[in-house]
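Chain IDs A, B and C follow the sequence of writing; residue 1 opens each chain.
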Amino acid sequence: MSTPQPLASLPQSGALAIEHLTISYLRRDRALPVLTDVSFHIEPGEAYGLVGESGCGKTTVAMAVMCYLPANARIEAGRIRLQEVDLTTAGEAQLRSLRGNRMAMVYQDAGSALNPSLTIGRQIAEVYRFHGGLDAAAATDAAAAMLETVQIADPARMLRRYPHELSGGQQQRVMFAMALATNPDLLVLDEPTTGLDTTVEAEVLDLVARLRSKFSASILFISHNLGIVARMCERVGVLYAGRLIEEGPSREIFSDPRHPYTLGLTRCVPNRIMRKDANRLDPIPGSLPPLGLAVQGCVYAPRCPIARARCREEDPPAFISGPRRVSRCFYHDEVPSIPQSAEALPSSPANGASEGDLLRVERLSKRYGAGANQVVALDDVSIELEAGEVLGLVGESGSGKSTLAKCVVGLLDASGGEIDFAGRKLARLADWREPQLRRKLQMVFQNPDTTLNPSHTARRILTRAARLLSAGGSAVDRERRVTSLAAAVQLRPHHLDLKPSFLSGGLKQRVAIARAFAGSPALVLCDEPTSALDVSVQATILNLLVDLQTKQRVAYLFISHDLGVVRYLADRIAVMYLGQIIEIGPAQEVFSPPHHPYTEALLSAMPAIDESQGPRIKLSGTMPNPANPPSGCRFHTRCPRFLGDICRERNPPWQEDREGHRYRCHIAPADLGPAQREATSSPAGDNNRPRAETSP
Amino acid sequence: MPAPLPAERPGEILDAGLKSASELSGLASGRAREVLRALWRSKTFVIGAAIVLFWVLDAIFWPLFVPYDPEGLVSPATLQPPSAEHLFGTDDLGRDIFSRTLAGARPTLTVAPLATAIGVAGGILVGLFTGFYRGLADDIAMRVVDALLAFPLIIIAVLVISILGPSITNVILVIGIVFTPIVARTVRSAVLVERQREYVAAARLLGNSDLYIMFVEILPNITGPIAVEITIRLGYAIFTSATLSFLALGIQQPSPDWGLTISIGRVFLQTAPSEVLFPAAALATLIVGVNLIADGLRQVLEE
Amino acid sequence: MSRFLAKRLVLAFVTLFCVSIILFLVAQVMPGDVGRAILGPYATEVQVRALDHQLGVDRPLLERYSTWLGGFMRGDWGNSFLLHRPVAAIAFDRLYNSLILGGFALLLIVPTSIGFGVLAALNYGKWPDRVISVAGLSLIALPEFVTGIMVLVIFAVELGWLPASSHVPSVNPLDWFRQLLLPSIPLMFVLFGYISRMARTGTIESLRSNYVRTAILKGLPRRTVIWQHVLRNSLLPTITVISVQTGYLVGGLVVTETLFNYPGIGKLVLDSAVQHDLPVLQATVLLVAVLYMALTLLADVLYTLLNPRVRLAA
């Protein structure tokens, strides 16, 4: 074992240095520590990533650096140095000259970060006027030039626009333009792409990468997404419960973690080769300690697979665990040999063919509004689903995934088409359907905070579901049913008597799943059931869904924007774009060429930690306005394999690749397959035709 | 659609933002104890509650405390300034102002809560149904609500009472009916927020009836905005009924009602201000008390 | 934008239609016997019948309603029973006087209350905020007749600085203050409470917004942050409150005009109600409702013009 070595003894030069930072929030009369003894530094021009799950203190670090902590925060100890300036003691005037000038920040949700009643031009020009001393005209010119730098087409026109007229990606570009206007020494990025669609996220990340060659700023990159941080940063620090528990070069830290928590994080996300029938996800047991809990010993010990008595008594110091690497674990040497805790699944859900389709959706359409403003949310959608099968539904926001699910389940009134379920034609709305069909068709929703009625206890929610879904029975039967449901989703009995506000996100989702399963459903629609959860919690929920599926032979229509999750879980996958299904087929087929150019772009935009990034297929422009979809192929305005007039004018035909795999495109599988295989092996950028940004 | 991450901004977790009443919905009754504790800590609420409690107790038990019959002509000396015998002096007819001020709480605290109860009950019903069903009925109901709101409360009260004749019942009815659309609006906007939540969709998929969803699923989650609305309405009701008494359109002589007493006493203001001042002060403290409760409640529920 | 406004305008007319129906029902149908309601219990049956016929209330409801509404729209509002003059002439005369009084009060109190509201928000939780909030809350609580009597006693009776009974002022600005200050104080007290409270809430919300955080983190001076970024957004909701409260003001006028014997529309409403002058009462109340609708519409237009998000919506 190496000798303990305090972090502070590492070279502490650099653009930004944080030394022994400890911050508490005052709540009522108590001081709750959120950051404990955090130290790291960033070299000039270096990109440093900070990862961790929600509540670990990432954002507090960012806000402390910008000196913009909430009023009830108190810096208990430590220093933050931006080159020679100690930010913890800087006065208001000094901060004003530093902020937006030598340090700048970009954060999540650019839509709310821009002032809704000022034009873009004015908001960017402000920075030049106050920090560059330019007059109004010169500042506007500089703003236009900066918009060009962040690759916004037609800057002169854009300057006169208001934030709400821009797409999410454009708004974030404007934020970058504002932040980089003064060529700052430090750029703090706090989840800059969270909430954006995958392809837009990829574009913004590309932009950041390109801007790094132009600007010399050091970057503090904060994200919950390990893949993004691995791709964007040279070095990474992992935060857990306010402590920096591991630090090192980003390639090594995720491929060869030296702290059990980092290892846990890398193992609970499904990787490229994992499949539900072969591998179980490896969740981190337990949950994050609540804010301000006094912990003796290592803060991770209660959840750690290799914790010993010493871990519960002594707080581990920072150990040098390798070249440029630090781990706060007594037994960091043993981390690589920690075995996978989860066993592989014994049985695989048999593809019991010839059972016939459980669900058949034919030519379903859904239109909102009328006349010129009519929005076609679903256009001629047909899918079928066998009993016990998982159909993954992917696509970006506005593609119509959720609309499809809601029409199937009867929460929305479809405008046309038919839905057959278990051999019967379904009425359009749930209220009109027969109870025995309704109970076989249930849904799990996205948001754990609103999916349960906040005024009812979990028991009451499940009892009501049991009463309505499992037809009759005495009170005793119902009670037994609730107990068995709770056991099936691994809820403890004491959870049942709590109201949702006392349950964590993962527990709430379990109650919601139990509710959907109360009537032994044949098909459950899962609308992004894990997207609001942290990765370690996501793993337990996905495992649970797989278990239930194997045991109860239930089919899922699983909606997700996370292709990794869909690849892990789905037997077949359907890809949607602007209200249409553009590709459908067995999961493996959809994930390998030939596939629709849009699917190709989606796949290449996936950030991953376990492989070197291939070349990226970049999509130009933004999602067209659904009220006015493009003519011909709907994807032609953004397609990287755009052929010409045929795409613009003619509706693409379905191309049948292999049995059960088809996509909608003018390019035949025989041509598309080789081209796409070549693209993945050739260097980046070849297949990328630059195209002007088009706004909706 | 990728969901935005749960807010990690510590400020958002630890100190509450200001929200409008309609955003207060989602108040879990599981928080009831927490809310009560927070109310107890809120200085605004406690002071307001103490003031209101004082007047409520007074309205019930005044016969035990008053030294004289509030409606009796107890002194031959009229318009007397405060003295040991008559703490607040006597009025133009020789009645004891101290006794009348204490007794005056009862008519006010009868009219205002009853009117509020009518308005809140009606408002909850209309708001729940229109917000839940939307559609044409909602559009029509909202137009009627807008129309009713286009008349200032006092004006419509003056109009109706001049036609039906002044009486306590009419005052209660008019205020209650005018409050109905106002409360309905608040309830409706809270329902509109709630019905978008996923638990309502889930309830529907289970096959619950509309009435069950409205009254058992949604209603308990909008008690916050309703509670705030009740206190605000109560303040207005006191204000309005006093004004109507003052305009001689409400409670009639010889009741010791504060508004009425002030209206009579204003003639003698120069010579004997106590006939106006004491009831006015009583009225003001009561309304301030109710408003303090409303304010404290709103602050606590926003957290 | 024009479509949004057109929609608003149509809605306003539909609402006005409802207003007229409600008013008609209240004034003409609720009393049952209109003639009896006007003449009181001591009139003879013959007199009542004669009046009913003269008023046309013995005709079918629908006909009465259309006659009344048609007359109102043509400007033929009938004659006052008591003053024996055309109602329209009286009502507009009084409305003009009230607009002077109400306008005076608004002109003084709107900037003041916005200023104090913003001041309170900028000092959130500190003593200026506490003082302004508590003051606002107490002022809302005082009915106009209470404050009105207080100022009457102090400034007119005790000090004798201002007249106890107000007239419509001449063009002399000094006379404006002399005649209008006292009757407008009760109105201003209540308005102050509502407007300053809304300005405070809006400003606090804006101060906590992400875009203000952006502005601060851009290193902008505090003045720029407040004037350019905070107030531009925070005062928008205040516009709506001002319009609603202006409508409310008319209710307050009933009390304050009576108290100060000022010949405005509020006093006209009360007098005609007490004296059962039904044509006057009905017309003035409708006029007040029209005025209120116009104000709300105006506020909507203003809000739209100042808010790019609505202005530019397709």
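The rule is short, and it goes like this: contacts are C-beta pairs under 8 Å (C-beta built on N, C-alpha and C of every residue); 3 or more make two chains touch, one makes a residue touch a chain.
Since we're looking at a predicted model, the values are computed, not measured.
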Chain pair with the higher count of C-beta pairs in contact (A-C, B-C): B-C
Most distant chain from chain A, judged by the mean position of its C-alpha atoms: C
Centroid distance [mean C-alpha coordinates] between chain B and chain A, Å: 47
Distance between the centres, which are taken as Cα means, of chain C and chain B, whole angstrom: 21
Approximate Å spacing (C-alpha centroids) for the pair chain A, chain C: 52
Where chain A touches two or more other chains, by residue: 109
Two or more partner chains touched - positions in chain B: 11
Chain C - residues contacting chain A, complex: 209-211, 213-221, 224, 228-229, 232-233, 306-309, 312
Complex contact set, residues of chain A against chain B: 25, 27, 34, 54-55, 58-60, 63, 69-73, 108-109, 191, 194-198, 224, 396-398, 401-402, 409-411, 430-431, 435, 438-439, 441-443, 445-447, 450-457, 464-465, 468-469, 498-502, 505, 512, 515-516, 518, 528, 531-532, 561
Residues of chain B that touch chain A when the two form their complex: 1-6, 8-11, 14-15, 26-31, 197-199, 201-208, 217, 220-221
Interfacial residue positions of chain C with respect to chain B in the complex: 11, 14-16, 18-19, 21-22, 26-27, 30-31, 37, 137-138, 140-146, 149-150, 152-153, 157, 201, 204-205, 208, 247-252, 254-255, 258, 269-270, 273-274, 276, 281, 285, 288-289, 292-293
Touching residues (chain side chain A, partner chain C) in the complex: 66, 68, 95-101, 104-105, 107, 109, 112-118, 126-127, 130-131, 162, 164-165, 175, 178
